[in-house]
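Order of writing sets the chain letters: A, B and C. Residues in each chain are counted from 1.
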């Protein structure tokens, strides 16, 4: 029934884009950091959750969604800097495995920390005035805020593209991802680059959290399903590349959204199947790193 | 006579760079065949293609006349191709004896036994002692490999490769980073290998090459520049001019 | 070697004494430790010996638990056959999943096992046949009347769990000491060397994965019996995470370390949950500190202590 209705399909595509936008914000930092240092931050979903809670708290206190939208990512980026200083910098000499495991412990800590401060119940965050209405598309009403979510993801993607492709800093990051040893030999300080990219990635996770808050509710445990989706995006897209994160996010969001509409029982399994197929056919992801497949 | 190991028109590209360029080479049974050439000539890539650690973009690898191009390194090892590594690559947290016993267990196909202790296989321990002796490691059998000197770890590389009872032995710069004394000992060790084994050797030390090899191939930019007896290579004008100026 | 025997003896005596002198609550705790010890030892074979650090081991624990429940209430099997079904189900899943995951290494392996764990959880959560998020009851404990045990009695069930933990240790220890186990260690230390010597690495990893799943399934089947009930909770990522914490805190690659870890973490959890509802925070903190400062775990610390005393004398 539904596939023949263009309006319905269009709405679902928009829903998929909205999810893709969130997944992109989450996975791009993870992905580039992984490309640089072979390190994956398992507490990335936790930072997303913290972003949502900080956003909620700021919006509650100030009454301004826009202030929350600015402050939450900054707060989470700061938290990322602290984590880097306390944990990752000290473990960098050791193998990346230790770093990954340490961030795993942080998931447990983050979950209870959030419960302690904000309680176990879920919270909602209102979309700001001007974005709380809906528009009519092909005869269907669609919330404006969801279009805003898509716009944020697209804007960040374009911004990152310009930085990566047009600036010296971006060139350094690309060189580091391509061949860390070579870049280091050319005098690029990989450690500092890692720090910068890591904090930016954390900030974007925080941004994803606060942007997602009005659409999804804010609750302890909102981090886990999202973390796994983001990991799948990194794996499917291939670590280290912006385009991989974009393509991976779109693919996973489409499979997830349409799966949930047409075969809800299979949907949750379908994305894992998508990942398994990509891993089998292209073990390095859709956009593999050069010489490191 | 079919060569022990043969490469036919091998091509390997990394991105835009063609590292192995339609390369054909044969290694005769029992030969002591050295592959030389400047850094970046594609020696190690050729080794990895021969051993199966890399897959070629085109061409074939034949082991004892059989096409093994599609076989992985483990399958090639099981049919008699053994290698050492350019960078020491032992099992670092095991003793020397355990390293060799493990290699023998893999080669002997007892690895799938999970229902009785390793100690049950006493013959492996004896064989391991024998190999340790043959590569000059009989005094350090119980030393953890991580604590071994670099030169001794290099000797273990050969021991591990020998434990697989190879028909063809690929040695990737066996004397790299060794002192003159250690190099001399290694030269003796390789020269003393049984003639039934085909030895293919990448080496930078020209004394070692000309002391061991009965056949030499010069690689340049992924191609064979020249193959022949040591005298012929030594006398070749192009080799003299390019590579032998300082080395020897 | 002797440290190993002494530790084993101490553990057996400690388990026996606490079983003999504890009350109802103590025996319940002992059962919990025994089950977690089996689960943790099974992960140690993967993570400690083979170097495959899995964050989805709860999948096999959960499948074992659900296998136990389904074999009893859907197929009408008795306790022991149901346990066999539980273990077989976990092994079957490991065989299917393993074919894919053993190709991946390190951080990629961590990610895919986490995803697989979440997938199994998501699937069970929505499965009507398995009760969805309500879970399943109707689990029966094996009938061991012939050897004089009434497993519905908490004391006898604790003994049953302890004996199974001991047998699991013996079995896994034998596997670790066998040529197969030696090759797993070899693969951990240098995969490329093992491969160059002729070892079909993926097949050995798959073997380790399936054996580990079997014992995780056994632990799951016991956990289902302990509660007479299973729910998707058995399959959550926190279960995978906790067992990895147990293995690392106890000391990887020793089998005895994870047993010590199981006891320490279980007792710690109970002490903490008396004091604070936020015990997960402190468990996570404890784990981060162990990873940062003592990655050989408690058994590794014992080993170092012994070596230092030997050096002193």
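Before moving on, here are some points about what is shown:
Note that a contact is a pair of C-beta atoms (placed from the backbone, for glycine too) under 8 Å apart; a residue touches a chain by one contact, two chains touch by 3 or more.
Since we're looking at a predicted model, the values are computed, not measured.
Averaging Cα coordinates per chain and for the whole protein, the chain whose average falls nearest the overall one is C.
Greatest Cα centroid separation from subunit C: this falls to B. Centre to centre, using the average C-alpha position, subunit B and subunit C are separated by 42 Å. A separation of 47 Å divides the Cα centre of subunit A from that of subunit B. For the pair subunit A and subunit C, the distance between C-alpha centroids works out to 32 Å. Multi-chain contact residues of subunit C (touching two or more other chains): none found. Residues of subunit C touching subunit A in their complex: 53, 55, 100, 103-104, 106-108, 110-112, 114-116, 118-119, 122-123, 126, 237-238, 241, 244-245, 248, 278-281, 283-285, 287-288, 291-292, 295. Subunit A meets subunit C in the complex at residues 34, 38-40, 42, 87, 90-91, 96-98, 100-102, 104-113, 115-116, 224-225, 228, 231-232, 234-235, 264-265, 268-269, 272, 275-276, 279-280, 283.
Residues 174-175, 177-183, 185-186, 189-190, 192-201, 204, 207, 211 of subunit C are the ones touching subunit B in the complex.
Against subunit C, in their complex, subunit B makes its touches with residues 51, 53, 72-75, 77-78, 82-83, 85, 89-94, 98, 101-103, 105-107, 110-119, 121, 160, 163-164.
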